[in-house]
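Both complexes shown next keep chain A, but they swap its partner, so chain B is in the first and chain C is in the second.
Take a look at the complex of A and B:
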C-alpha cells in the first residue's frame, strides 16, 4: 500500500513536471507551427539562471521568479532574430531551432564549464502522507505545475488575449483580416513558451544534476507526449503527459528504467499508429 | 477612396491570376465585380486585404499606400473582408466571433454593441451558440456582422449569396444596403447573383483573364442581356 502510494506520488510528480515542459512546447507548435528543438536548452537556461543567481548570493526564490522573466526576454530576442525569418518553412524551423539548441548548449559550456553544478534544495524537509514520507520540495514542484497549467488554461480560455490566440491558431489569415495583430501574437507566444520552459528548468534544478545535457532528458518525453496527446487542445497535452509519465514511472518502479523506456516508446508507437493525429486529434479546426 | 493601379498578383507557385487590374471605388460608392469563375475576382479581394503579396502595381486607400502591408494593418486602415466560404470560427460562440471583429481594432471598446444585434436579430437569439451549429444563411450574416462591427469605411464581400436561400439573400441585401446608406460604408462586391448586384450596387465592373474589361451602370444590367452573356455565360 505504502509502495503503491509512493509510485502514485512519483508518477504525479513526473507527470506534472513533464506537463510544465510540454505546455510551452505545445503552445509554440499549436500557435506558430514551430517545432522548437531548442526547448530543452531553454529549460537548461532556466536551471542555470538559478545557478547564476545563487552564485551572486541571491535566494532560490528570487531565482525562481527571475528565470521565467529572463527566458521570456531571451525568447523575444530569439523570435526576432531567428524564428521570424523561417515561419511558413516548417522543415527550416526544425533546422534553425536545432542549430539554436547547439549554440545555446555550447554557450552554457563556455560560461559554466561542462561539469554539473549544484543547486541546493530550498525545502529539504519531508512530510508524512498517509504513513509515507515524501520530500516537501517535490510537492512544491507539483503545486507550481498545477498552478502554471491552470494559469495557462485560464489565460487561453477565459481572457480576450486567449480568444485572440485561439483565433490565430484556428485561422491565421482570417484573424489577420479582422485586424488582429498576428505579428504581436507570435512574439508574445514565443516569449510565453520560453518563459514556461525557463520556469520548468528553474523549479526542477534542485532535484536534477544541473549540467549542459539536462535538457534532452525532458525534451524527448515532452515530444512523445505531444505526439500521443495531439496538438489541438491543452487537454491533449494533459492526456499525453499523463500517459507517458504514468507508464514510465509505474513500469520503472516494478522493473527497471530501461524496461520503462522500452514500454513508453512501444506505447507511443501503438497510440500514434492507431491515432495518427494524437488522442485528441481531429478536434483542431482547419 | 480605394485605388488599385496596375495590380499583378497570383499564387505562390508563380501562377498569375491578375494581369493588370485598375479600378477605383469612391467614398460611399458600391461597386460590383462580376465575371466567370477563375477570372481573378477572389484573388483581387485577397490581394487588397494583404493575404496575397502583389507582384507589381499598388493599392492605396485614402491616399495611403497599402501595398505589401500585413492584413491586420489593412483591416485597421478601415477595410473589412467577408471571404468566400465565410470563414467564421466554428468552434467559438457567435458572441466570441463578433468580439474578434473588435479586439484587434485600436481605440474600440471590446464589448459587442447592442446595435449589431439590432441589425442582425437572428444573431441575438444565437448569441451563446457555437457558430458551427448555425445554418448557412446565419453563418453568412455572422461573417458580415463580424466585418461591419468595427464600422469599416470599405466592405469587401465575396459571394455572400453562395449556399444561402433566396429569402435570406434578400434580407442580407437589405441589411447591407442599410449599413452602407446609414454609415457611408463603401462596398466592393464579388457576386454572380444578379439580384444582389442590382440591390446593392450602382456600378458594375467585368473582369476577364485578370483584367477589368468593361463596366456598366448596375441598373442597366437588368435589360442588357448581351453584356451579361458576353462576360458571364459559360
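Take a look at the complex of A and C:
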C-alpha cells in the first residue's frame, strides 16, 4: 500500500515536472509552429541561473524570480537574431534551434565547466502523507507546475492579450490587416515560451544534478508528450505528459530506468504512428 | 535548380585532388583521411534522403551503427555459419541496415504518413532508444562495445592478407566512396530521382499524379540506410572498435551538421562538408578546446539562416540530365 502510494506520488511528481517543462515547448509548437530544439538548453540556462545567483550569495527564491526574466530576455534576443528569419521555413526552424541548442550547451560548458554543479535544496524537510514520508520540495514543484499550467491557460484563453495571440496564430494576414502587431506578438510569445523553460529549469535545479547534459534528458520525453497528446490544446499536453510520465514511473518501478525509457519511447512512437494528430487532435490538418 | 557555371569541372577536380592526396600528405594524415572519407559516404547517404526526398532524419546514425555492428560481429567471427570475410561483412553491413530502414519506412510512411517535423522527432527518439539498447545488450559488447575489429582483408584461408598500409586502404575507401557517389548520383538523375524530388517539393500534388508517395519515401529511406550502413561497415575496419557512440544521437547530429554545412541537395557538397568539418576539427579542436563546438554550432545556425543550401552546394551543382534540360531553342 505504502509502496503503491509512493509510486503514485512519484508518478504525479514526474508528470507535473514534465508538464512544467513541456508548457513552454507546446506554446511555441502549437501556437507559433516553431519546433524549439533548444528548449532543453533554455531549461538548462534556467537551472544555471540559480547556480549563478547562489554563487553571488543570492537566495534560491531570488533566483527563482530572476531565471524566467533572464530567459525571457534571452528568448527575445534569439527570436530577433535567428528565429525571425526562418518562420516561413518550417523544417529550418528545427535545424536552427538545434544549432542553437549545441551552441548554448557549449557556452554553458565554457562558462561553468562540464561537471555537475550543486544547488542546495531550500526546503529540505519531509512531510508525512498517509504514513509515507515525502520531500516537501517535490510538493512545491508540483504546486508550481499546476500554477504555471493554470496561469498559461488563463493567459491564453481568458485575457484579451491571449485572444490577440490566438488571432495571430489562426490567421496571420487577417490579424495584421485588422491592425494587430503580429511581429510584437511573435516576440512576446517566443519570450514567454523561453521564460517558462527558464522557470522549469530553476524550479527543478535543486532536485537534479545540474550539469550541461540535463536539458537533453527532458527534451525527448517533452516532445513525445506533445505529439502523443496532440498540439491543438493544452488539454492534449496534459494527457500526453500524464501518459509518458505515468508509464515511465510504473515501468521503471518494475524493471529498470533504462528499460522504462526504451519501452516508453517505443510506445510513444507507436501511438504517434496510430494517431498522427495526437490523441486529442481530430480535425486539425497540419 | 540553376547549375553553377563550372559545377562539372569542379566535381572532377575534387575527385582528382582527393586521388592525388597521398602524393603530398603524410601517411598518418592519410589514415585519418580514410576514416573521414567513410564519414563522407555517410553524409552522402543523408544528403540523398534529406536533399532529394526531403526527409529530415535525426537518427541517421542508427543505420551507420547497425552497419558497423554487423561488420564487427561478422569479421570477428562472432556469428556462426556466415564466415568472417570482409566481403560478407560489408554485404551484411549494407543489407541489414537497408532492411531495417525498409521495415521502419513501411511502418512510418504507409497510409497516412508522418509529416516532416514528426518524422524528425520520431527518428530522434529512435536514435535515443538505439543508443540505450546497444549499451545494455551484452551480446554486442554493451557499453564498452566490441574491440579489435579486424582491418580490411582479402584472399582466403592461409593466403589471407590484412590490408594495413595507409595508402592502399585510402584508395580502397576512396574507390568505395566514388562508387557510392556514382550509384547515388545515377539514382538521383534517373526518373526515380525525379519522382523523389517531386515528393520533396509537393507531396500532395505528386500523389494526385498517381505516384504512391509512401513507396517512394520508403525506398529512399532503404537506399539511404543501406549506404549509411556500408559507410559504418567500412569505418569500423579502420577504426578497429565499435561502441554505442556510433549508433546514437551525437553522431546523428554530427552528420546532420556536415550535410547541412556542405549542402544537402548536392551529394559531393555533403561529402566535402564531412571531410572539411572533420579535418578542421582534427587540426583545431585541440587548440580551441570547448570553443570548437561553440564555433561549429554558431556556424551551423548562421548557415541555416543565411545559406539554407549549404556553403558548397551552389558551387558543385551539376547541370540537369539531358532528358530534363529545357530545349535550347523553342523554334518558330
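We adopt the following convention: the second predicted complex is superposed on the first by the 282 of 286 C-alpha atoms of A that agree within 3 Å, B and C clash if a C-alpha of one lies under 4 Å from a C-alpha of the other, contacts with A are read in each partner's own complex, and residues count from 1 in each chain.
The rule we apply is simple: contacts are C-beta pairs under 8 Å (C-beta built on N, C-alpha and C of every residue); 3 or more make two chains touch, one makes a residue touch a chain.
Because the structure is a prediction, the values reported are computed rather than measured.
**Q** Of the two partner chains, chain B (first) and chain C (second), which one does A:182 touch, if any: first, second, both, or neither?
**A** first
**Q** Mind telling me which of the two, chain B or chain C, contacts the most residues of chain A?
**A** Partner with more touched residues of chain A: C.
**Q** Given the touch rule stated above, what does A:190 touch, chain B (first), chain C (second), both, or neither?
**A** A:190 contacts neither chain B nor chain C.
**Q** Going by the contact rule set out at the top, does A:14 touch chain B (first), chain C (second), both, or neither?
**A** So A:14 meets neither chain B nor chain C here.
**Q** Would you check which partner chain A:48 touches, where first means chain B only, second means chain C only, and both and neither mean what they say?
**A** Neither partner.
**Q** What is the contact status of A:110 with respect to chain B (first) and chain C (second): first, second, both, or neither?
**A** It touches chain C, and chain B stays clear.
**Q** If I apply the document's touch criterion, which positions on chain A are contacted by chain B in one structure and by chain C in the other?
**A** Touching chain B and chain C on chain A: no residues.
**Q** For chain A, which residues count as touching chain B in their complex?
**A** Touch list, chain A to chain B: 160, 163-164, 166-167, 170-171, 173-183, 285.
**Q** Touching chain C in the complex: which residues of chain A?
**A** 35, 82, 85-86, 89-92, 94-96, 98-103, 106-107, 109-110, 216, 220, 223-224, 227, 258, 261-262, 265-266, 268-269, 272-273, 276, 286
**Q** Quick one: which bits of chain B touch chain A in the complex? Just the residue numbers, please.
**A** So the residues of chain B touching chain A come out as 49-51, 70-72, 74-76, 81, 83, 87, 89-92, 96, 99-101, 103-105, 110, 146-147, 150.
**Q** Quick one: in the complex, what on chain C touches chain A?
**A** Spelled out, the residues of chain C in touch with chain A are 56, 107-108, 112, 114-118, 120-122, 124-126, 128-129, 132-133, 136, 249, 253, 256-257, 260, 290-291, 293-294, 296-298, 300-301, 304-305, 308.
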